[in-house]
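So that you can tell them apart, the chains are marked A, B, C and D in the order they are listed, and the count of residues begins at 1 in each.
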């Protein structure tokens, strides 16, 4: 339903990049859950631009203000609303190119859909800024899952054509990788020795006035088997719905994903076994999901992000006011690589989606068990 | 919401492989739309097993019976219910392996989720048979879109490691390809000369008791710009939600998809231009969608299907009743390649999802304009 | 969403009075719940016409056939579909008045909404027959609630201007009343001595070619406090949404309802007390709901049913084809009093709505606890 | 879905009486609709307490701040968020009675539902204050309907046991009544000569430390026939769902409502006729709705409001912390009659519900036609 998603736990996202504020309403939480503002601020910080030559120099404090649903540091069980004021807009930068649709952006499609009444400044409702409230809400969802032993992490699987080390197959080693990821701020690599090469590749593209894309991989450990509601609300369906809401995502795959298309059944099926009284699979080609339902093994998925469409190279485009062709020279502050900042967004989306599916199964009150 | 999806046009899918019937309720159609039963039967036929060594020898007539919502060959505007009786079950085949979870299937996850009460016969609710009512409903949705000049088609982009020719970039040539696809029944290739090689590769895997996967590519031509409802109901989100409901789909990508991750912005952005008074893009790396909204160019996406999990090779697994390990030798009738039959399923899912998005924008009554 | 209602447990109703079948899809049930077909048949029988001069002489066997979601007599946890074939149509009766809108019916509004393509026979989608699948689904929901100690019953609070005895205020006496109601078939009075007078009043109206209305009152005992999801999904909102879906309902009130409008606060507030370690109210003017959430006291509500619109007196109306005025003389079989048959429908609607609200709070798996 | 309602146009309400802010997200509006802040402020003013002895002396400026979805005074087509800061809380008043459940309020039910973590101050999420964002959103919806010739108004049908003049049956006279109502601020009577007697009755109850209830009647003129989506989303169902979300509403009826229960069919059916080429009904007992679908005649409904539960008389209740019985003496500022202030709330709820139903039929773009 447009800007609201979720059944038992639902999230409504609102705002425009240069409007007064962006925010979210998170509904369906149990009462009495601790709202750790420092934890949320840490997640907001990971999404924040760093001014390190990789991301835009627009710096927003991104302070999350709770308008409802929190009392004495805990959820009240009613709709939780969070708001982030927009404070660092430099709309003047955009006025210069107003009317010229930026290729790869939503400028033209928003113009058609909203018939010229869209708030085009800074991408409006289509700005990556809209992921900030998703991160805040997701941080809260993740803390609920964490209290139940569920761990989630996302790393830079691939950036500017360079790979990180992959997630480990074994649960023990994966747990260590996820723990290490939680310590890292802003450039989420499993193998930190690859950071400099990646950053150099980004800076090289930036120097040409260009931008790069990449792939983010998420793993979830400790998830109960049984989450997912086929036919339509398979775990993959719910998560992909959320992932494709993140601006720039153009592909999503679970487990071995597209590589499975070239496999034979004997190579794609995960043999089952019993270990410590628990049913496990000996491989995890299916990424922890069978038939749309989690199987208790690590949930693993990847999303492909196209390169930031805002580049400084001249581009051929159309003036939407006059319907004539024109050359566009983008000004303003833009990330040559949005992917590192998107890691925490992807984690947040997963945390929210999984909390919704688990709440459907176990009920709202379950969220608070253990706190 | 579990077995129901869609806002303005909604679809409820029900049934189990070996239960009395499978079916669907399609709600939100305008009144007065022609229900062309022969057209629907043609689509059902494309999904049907052919007994040609590529697909299961279980042959269902798959006759669609309309229980409601149709009167004198036209929609009444109320909920349209279609039912397909299950007639060709051979449940005995499954009794032999009852208790043994088939690797790659939903046997184990369904067992956990439904606590042993699931109808496991033939995969139950998780059987590919559940896509039959989706095809029938999608055929009807497609006929509504077709009356408005929207054309949809899906081809075997890749099967058993072999590629078809890709969709053409230009709209005129693409139109010809889609027209040709509509003529083909059951093995949807843009380049029919590759059919024999592909079939040989499938038969070779089948001869080893194994199965193959593949990739299906869909193109939609003539779609109005402006469909899609971000933040959450982006066109990609809605379509991927539906695609990941199709059993065996493990990856979905739009436009250049995962390949965009390795691109630079200058290579990923589609320059805009004016042609015949209409705004177009000169390339289509974004697959007809920007910011989650259709841009009027061809919508192009691909879904990766893992190989059929039912193979005749012996597999290591777990007896769910005794929680002991066991060897599984699958009997029964199974497709070594499900992908050819899934082409029409993918088309159907797209037709339904797009009709829902367009109806949100233009209203229910719009569906009937032109008829 | 049109023909689907409910969040955690959802119900989709389909069918037309003279189409092939009517039915429902009930989704969101736990697996392993017993499906007692005899219990469901008993409820269907209460809704059935009796040919006793009070209700139509059209007799449908109303056999419920389960198409999906049931295996070995228990729910599978997937969408449960039930179908009732239409067998006793006499569409010829309707052909005679085709084109003449029956006053008080949906003939004209359906004609506008569906632009002449509606299945008008027997009221089509607007027939009281559509409540049959609601009863079947509600019977199943009620049996789930009953296993948790929740009791529901509905009586003929008022019919043809005559009152039944009201529900008792005390829980113990109310329990006895509900138990007695379960025994009664077809004419649900708390004081059976009033039956003859009521029936006489109905027959008197019928003799004049007229029909009567009435009020049905429902009580629910043993409901846990805490059900209801304000702001929008208050217990009253959810229940009234369902009640106003029942054809002929034109008013709904909870507790003392409209009479509260004339009260003062001191007379409307229910004092709280502690009894047996449990918080109770000493009166129940609010009908078991405060702030949209159940308070653990008996839930009490009433719905007003207008008289059956099909009467044999001549009526002034419009020919929808020619848009000219005309006199209408209705033929066919019609109930002079639909209200007695609607009692079980109202109970069914309540059972479904409450199961949905309780499942949201306690989770799907909770449904099966105790079985 | 808890705090979100609506299909095509959806409304999310958030906030607590003494939290930082209350507000709403209105989603599904077309772009380009004028947002008349003065009009909205006028509606907010009608809901505002007047300190005239009838309503609480707590005065909130209730300034509506738009956080998103508005640009240059027009809707952008994306989610519109409005926020009203809470500024005049005197939580100290509530601290005195903290722990003592106020009879007739949600104190006890919220305590059970939210397990002691609710924000109890001033009624929290259950305060009548939550209707302020509903009024703001409804004012905007009404202005969209008004541009299409739809007129809505609500009057004090009954207050403290005294009646206003009823709505006129004829459309012309009703139009005059609605126009007159728009002029009146704060005490919406069709016959202003009854104002003093009503106010005296309220003041008399207030003088005893008591409160009064009443009935509000709404009429909608100029509504197209064809709105409403049976089976479940009948016009009555959607409107009653919204009306029962308004705190204190305990009964809802359409047309002649409960009085229809005592009618015969010949007295309840509205004869149809043709006037000026248009199908009309000669009476309007059904309140403009047949079969859950609007028929083009005036839509008329009433909601019963129980008396304000906050009274100054001593009341018997329970201390929720100690689970012991206690006497409660309420302090603070409370309305002896909430009903006059609720008139605009009821109008707002109707405007929102009808806009949603009409948008489903005609599409989002239809909203802007005529602007």
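One rule holds for everything that comes next: a contact is a pair of C-beta atoms (placed from the backbone, for glycine too) under 8 Å apart; a residue touches a chain by one contact, two chains touch by 3 or more.
Everything numeric in this text was worked out from a predicted model, so none of it was measured.
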item: More contacts between chains, A-C or A-D; value: A-D
item: Farthest chain (mean CA position) relative to chain C; value: A
item: Centroid spacing, where centroids are CA-atom means, of chain A and chain D in whole angstrom; value: 39
item: Whole-Å gap separating chain C and chain D, where each centre is the average of the chain's CA atoms; value: 27
item: Cα-centroid distance, chain A relative to chain C, in whole angstrom; value: 45
item: Per-residue overlap in chain B, given as positions that touch at least 2 other chains; value: 1-4, 7, 13, 79, 113, 125, 231, 361
item: Interface residues, chain C side, partner chain A - complex; value: 7-8, 79, 231, 359-366
item: Residue ranges of chain B touching chain A (in the complex, touch as defined); value: 1-5, 7, 11, 13, 101, 103-110, 112-113, 125-126, 130, 158, 161, 205, 208, 210-215, 225-226, 228-234, 236-238, 240-245, 247, 249-258, 260-274, 277, 279, 281-282, 285-287, 289-296, 304-311, 313, 315-318, 320, 323-325, 361
item: In the complex, chain A residues that touch chain D; value: 1-4, 7, 10, 12-16, 19-23, 25, 27-28, 31-32, 65-71, 74-81, 83, 113-119, 124-125, 368
